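So the structure is just underneath, and the comments pick up after that.
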């Protein structure tokens, strides 16, 4: 198949699946729905892999053009796709992980009433995400960007009958939109500066210096603001401070969704975007620093919050935020290849972890609160094993995927900025700690409170037709475990297999170490220490001596404050609520009542007519009904008239 | 002759003004009507002096004779009692009425007195120029008046017949008694 | 004066419409007498017998129609002549105004069929007075000397005074007539004084001669006395302003309109105004000679204020009326204001023939105002309660056609296309703006906005407000044939003129030119 | 004392006219009001005749020297008609209102 | 059939059909509805023919095509002159599309005075098309006013509880503006007439004003009058308060036509008249109008946040959206009015017509079933009426400008153009994106999501008829979202041509 002509199939196939399921899915048998749903992404995956290797071997980028979206003089936006190294990696990863999760979903959602709807959304998401990464211009990228946001909204609120889910979806969308606001302004600034939306052209221009190819001068302001504004978009989409608040709430969606969208793919599009416009960012060192700082601070803060969450998915959500912070750290340090590398490995292990969590939740009949778990390794041995692999991978166990990518980031940080490194290192310890905490609380120890709190639902973790109820806990079906196993395999060997990914993606990347060299590099050694330290701490507090934990968290004043802040997610939601949401509401209400209703409607509009009526009623009194009065008007009027005439006559 | 005319004219003017004032100020309409007749008679004298003998005649006949008699007749017909004739006109209104009419007078007087044509006109009692044609010297006498009326102004004369006819129809129709009075209901 | 022939036949032929009207009036009077004697055993009252119920209106209608046809025929005669030793000037202008008056009369007589019967005023006098009044108005429009102006004005006024009090047993009717009469008498005196001053100033009573004198005083045997002339014109404006209902001389209008039988109200609201405006325009055109433009200028400001005041007053007070009839009376006042804009524009544009908008607008004005009154007449509302806005409720369901026509009239009165009223306002305001007087047009616009509100109230009452069954016996919607036909004709004409106004616009322009360039 | 100025006569006429106006404005009795209107009309007649008399002396002489007097005759006719109709209305008013006081007749207003 | 005839038919066919309806007996509701529908569909088909025959590359003496020019009232300089350019073409199409849909949308909702309803609707259509097609200033004004009467009747007779108040407000508001414009038109005519140009023909006026420009104070005054009239229609803050009432109280068809077409008359008026007639004043007014529009965007959105009535909310969203259109129209920079922003504005007008029209249809549709517009009476409807929810959602997304749907294209072009001319305005205008999502999703959530009231009687989902009229709108939203060149291909040349019809004096 001629790739240059048919490349658009990659995003279109899932979209076609979405259309099919969307229009007629409700009337199709489930198996057919599943077939259609999985068929699209898998076919896309095959094509992506095919063309990935073609690309790799030939080095020729594939460009595909599917008509115009906008065509005005001087403003031309095609539906153009470009498969280059970066987008090829992304496409393969997305279609790969996506296919696995689709397959997993077949099992996970098997009993759900909105089966077809679910897969419609999921396919739609795949299509949008692929458009996002394959777009050859930033407007089309924005289309994908918004599309994934929309799907995210739909899927978070998939079980919309619970208000909380619907609210979470809305929150995600709105927060994303705030980011998009910046993103859109960035696009506009790009257009004004570069005169084009073509991503390749923008990069070339930015790398080239002061004058764009279209002859426009690139001002310093533009140099600074373009990346900054785009980064605002990225903070929204990739849940970075200060717009990270939506992601934990987004866990309200079905777990495969969390795995796919809120861990592996969509949330990483911010990172992708930064990498995509690497030259633009590189041209603005101050923005790079901002990116790095935001990234690392987010990593730390999210890790800190993750330590104390009880909802298993929330932990993973904050973990995702934290890992995304790492990616931005890498990107901010200019190591776009490494950022993408971490992105890919993160997709593997975080996908695995979410799917694992999903398997647990599925087995426990939609119980998400870890305080009611424990000791599940006996009932769910396969899941436990797979989760363990994932945990080891994310925590940075040497040789596993996460180790390599995270190590590469920390190494970059160590080289370039020690403060960033220090924070990143601390985060690494936290990562190890909270992941093992999760593992310990879920699988180790004894089973706690199964069914004891049947009526007391963890927030956001409950769905309408899936009432949590006690029942036999049994392993998830094979259709769910198989994708997990694939991901586990990738988590184990991903770091090694894809070791040259940074160089492939980023031609500027120079690999510091080989696969084994990384193990013994200073950074690698330190990384191992961090991993072990965190793991030990988790073991100590959650397995060996829970009492100490209690002592630290609730009796030590400093510990208590820390715990409160951690558990309360730093009260950012509350802060935003008080600073933005509520004032906006109150202000709107005030404006509505005071400005719209009172000032304009009553005072100005009704007031005018009231005045006219008052004057009319007053004038009406002149009409007394008495002849002499009327005669008076007549004569008086004549006198005045004559006075006026004579005034004019005598020149006043 | 000339000065006599002038004097007489001034006297009639004085009497006219007094009569007019009395017309408008008497409470009893009968008195008003009587002073009205005085006024009309004075006017007839004025007409005589102003070379309008025929007018003087019909002024007496029509105005003093017919119209005022009609008024008196109506006054008698209504037979209003003295208390019904009492008017309670506030002083303020009288003052305003005076101001308005005086203002009107001043304005019109101003116009008249600033008119060069009026101010330069020869005395109205002076004899006509010797060169005046016969039509001018005979003006106001019955024959030339009738001649002009029935030739040049015949149409308007005919129109007055319509006017009078309308007045007759109206007067008959309105005064004819029929049915009961429909009292309008006052506004609620 | 060698031969006595005050009425040469060819000249008489030119006033055939007027003669027809007068003759018909006399015939009707005579027929009425016979009718009463034919009914050997008259009813206790003098109501005519049923078998003759079509006779009086029929004859009147025929006569009026004949007169109208004759008048319309005159419209195609473009020449301007003076007849009867200059007493009348027959030109397109006079023919146009005659037509306007006759259209109003035709509508009135048509609407009287059935209406007069129900009101129990089916007398020969009624029709005779309408016809006499119409004839005198036509003569007023043709008048070319001041005596003629005064006498014809008084003639039709007399008729209208009597008509106003036609329901002579109704307190309201006679009260309205009384006010109209007393104030009308005062205004007549003002007019007479004004005409006297004009005569004094120019030494002339023929309007065309005066116009020539004013245009070129040096050529005249007797000079023009500006002060006296202007004072005279001012006084005449007062009197004519009274007749057309300009603020502050409007006072009689609401009361007389409300008191009079609604048909008479309709008649006088359209015909009196047309006739009086004809004189105003003639006077205004008389002044717009090339030589002494000041004469017009002196008056302009006064008329400007009259126009502005009338528009503001009429509309503001109409806004707060609760009786539709009285609202229409104030609306008539406000339309006087709009028409006065045309007079101001005519006075402003020296040396150029303007004033055509007034002539044009009088036609839609006649149709829509009379149409609205005819609907009130047709609905048989004589008690005051029947004239409120509330009483119109539900009309759109019971009498959809009448309601629709009423809406058309209101829309036209408000000056919204595609009705004739729109082009009237368009033409008027255009003239004002072209004359540089956009402030007056602005006043007109602002007051039109107000007017929209009260015209809309009628539409709201008819279409949008729920009918109050309890307060409205079904008989309240009885509709008689005559008014219905008249309303249909008026409504159709309003739309037709609204869509194809051009011919009439041109005609009105030519009419003005016929006066200005004899 | 020989000169009788046109202005004097006109002022006299206007003065009487204004007295009539004052009467209309200040009186309540409808009969008197009607008389005042007659007064006004008549005063104008004097002015017309005076103007016509003045015109007789003009040079060139007037073409139709009788015209002002004809005017006055017409005014007389109008005045007569007005009196007739006016008094008829007055009677009609009196019949339904039982009063001739102008101030009391105000059913229609506003 | 040639284009001229077709255009004249498009204009007058609805009115003719309206007259013909008078001949039908009033109780045959089905027949009346069918006849009206047929007439509007035929009109639509004819207008599609116009679209196919429209030549974007045409370079005739006037910017207009399918021109009919007949002297109508020569004594006043008024002609019956109609024609279309790329700008008005689509607005006409929008009108002809919305009209049959409005009829279908009120198929069951209107049960009283059915015949009168359809007559009003048909006359309204003629009025609206006439406004867009008129190329004679006076003719335009005639149509502009003609359309008012059926509109207030629609609101006042078939509206809901406070319909009379709403109708009066709408009427008086509109009259205030249009009468001032009327005066300005006359002044403009008088100005040109004094220079010997005595015609209301648009092309003549354009050319006349190029040769004999008005003085700056005159321009400002006249522009203010025109702008006031159009701004009321748009509506521009703070002249918008008629809109929530009118939209809310009007019957579905009324709201659809109001939102879909009527509001565009305001913006269209700016394009066709106010700006080209008085370019210097327009330039001077750029900051004023832009700020008001921006306030409108934000204020309108804030109003949406606190509305309890669905229709009212959507009405306020129009204030916000049309604010954006105005920002685009008045994107004026060093190189003149920004054609991209203007194209975007026109596009947004169309898009808003389709999407907001659809929203009102949907609200009307659900109102027919539940008899409530209060948002709090709803909840969980996605479960009860899934098809409805899906359509509602897509429409709403189009409305908030999600890429690949119609709203985005216009917004994006407007913002791009505005950003080129004035960044501050663009940034502030773009806040609408966030706020728009906020209130629309709020609405969706409160109506569609959450738990359905168990006790609620069953509510039927979208039926076939409703699908029939919603489908074209949805298809259009998507098509306009992904194939904008199909539309801009025709619009852009006209906008370029439009920019040539006037000249801004140096340093206005």
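Quick notes
Which chain is which? They are A, B, C, D and E, in the order written, and residues in each are numbered from 1.
Note that in this section a residue touches a chain if its C-beta (ideal position, glycine included) is under 8 Å from a C-beta of that chain, and two chains touch if they have at least 3 such contacts.
All of these numbers come straight from a predicted model, not from anything done at the bench.
Under the contact definition, subunit B and subunit E share the contacting chains A, C. Centrality annotation: E (chain centre taken as mean Cα position, compared with the mean over all protein Cα atoms).
Highest C-beta contact pair count among chain pairs: B-D.
Ranking all chains by how far their C-alpha centres lie from the centre of subunit D, first place goes to A. Comparing mean CA positions across the assembly, the chain most remote from subunit B is A.
Separation between the centroids of subunit A and subunit B, computed from CA atoms only, is 101 Å.
Between the CA-based centres of subunit C and subunit D the separation comes to 26 Å, rounded to the whole angstrom. The distance from the centre of subunit A to the centre of subunit C, with each centre set as the mean of the Cα atoms, comes to 78 Å.
Between the Cα centres of subunit B and subunit D there is a gap of 5 Å.
Residues of subunit A in contact with two or more other chains: 609, 620, 623, 625, 627-628, 631-632, 635-636, 638, 642, 646. Among the residues of subunit C, those in touch with two or more other chains are 147, 151, 154, 158, 161-162, 165, 168-172, 175, 178-179, 182, 186, 193, 200, 222, 227, 230-231, 254-255, 453. In subunit B, the residues touching two or more other chains are 93, 96-97, 100-101, 104, 107-108, 111-112, 115, 118, 147-148, 152-153, 156, 160, 163, 166-167, 170, 173-174, 181-184, 187.
Annotation, chain-chain contacts: A-B, A-C, A-D, A-E, B-C, B-D, C-D, C-E (touch as defined at the top). In the complex of the two chains, the subunit A residues touching subunit B come out as 628, 632, 635-636, 638-639, 642-643, 646.
Interface of subunit D with subunit C (complex): residues 10, 14, 17, 20-21, 24, 30, 33-34, 37, 40-41, 44, 47-48, 51, 55, 58, 60, 62, 67-68, 70-71, 74-75, 77-78, 81-82, 85-86, 88-90, 92-93, 95-97, 102, 105-110. The part of subunit A that touches subunit C in the complex is made up of residues 609, 612-613, 615-617, 619-620, 622-623, 625, 627, 629-631, 633-638, 640-642, 644-646, 648-649. Of all residues in subunit E, those touching subunit C in their complex are 72-76, 116, 138, 141-142, 145-146, 148-149, 152-153, 156-157, 163-164, 167-168, 171-172, 175-176, 179-180, 182-183, 186-187, 189-190, 193.
Within the complex formed with subunit B, the residues of subunit D that make contact are 1-12, 14-23, 25-29, 31-32, 34-36, 38-39, 42-43, 45-46, 49-50, 52-54, 56-57, 59, 61-62, 64-67, 69-70, 72-74, 76-85, 87-92, 94-96, 99-101, 103, 107, 110.
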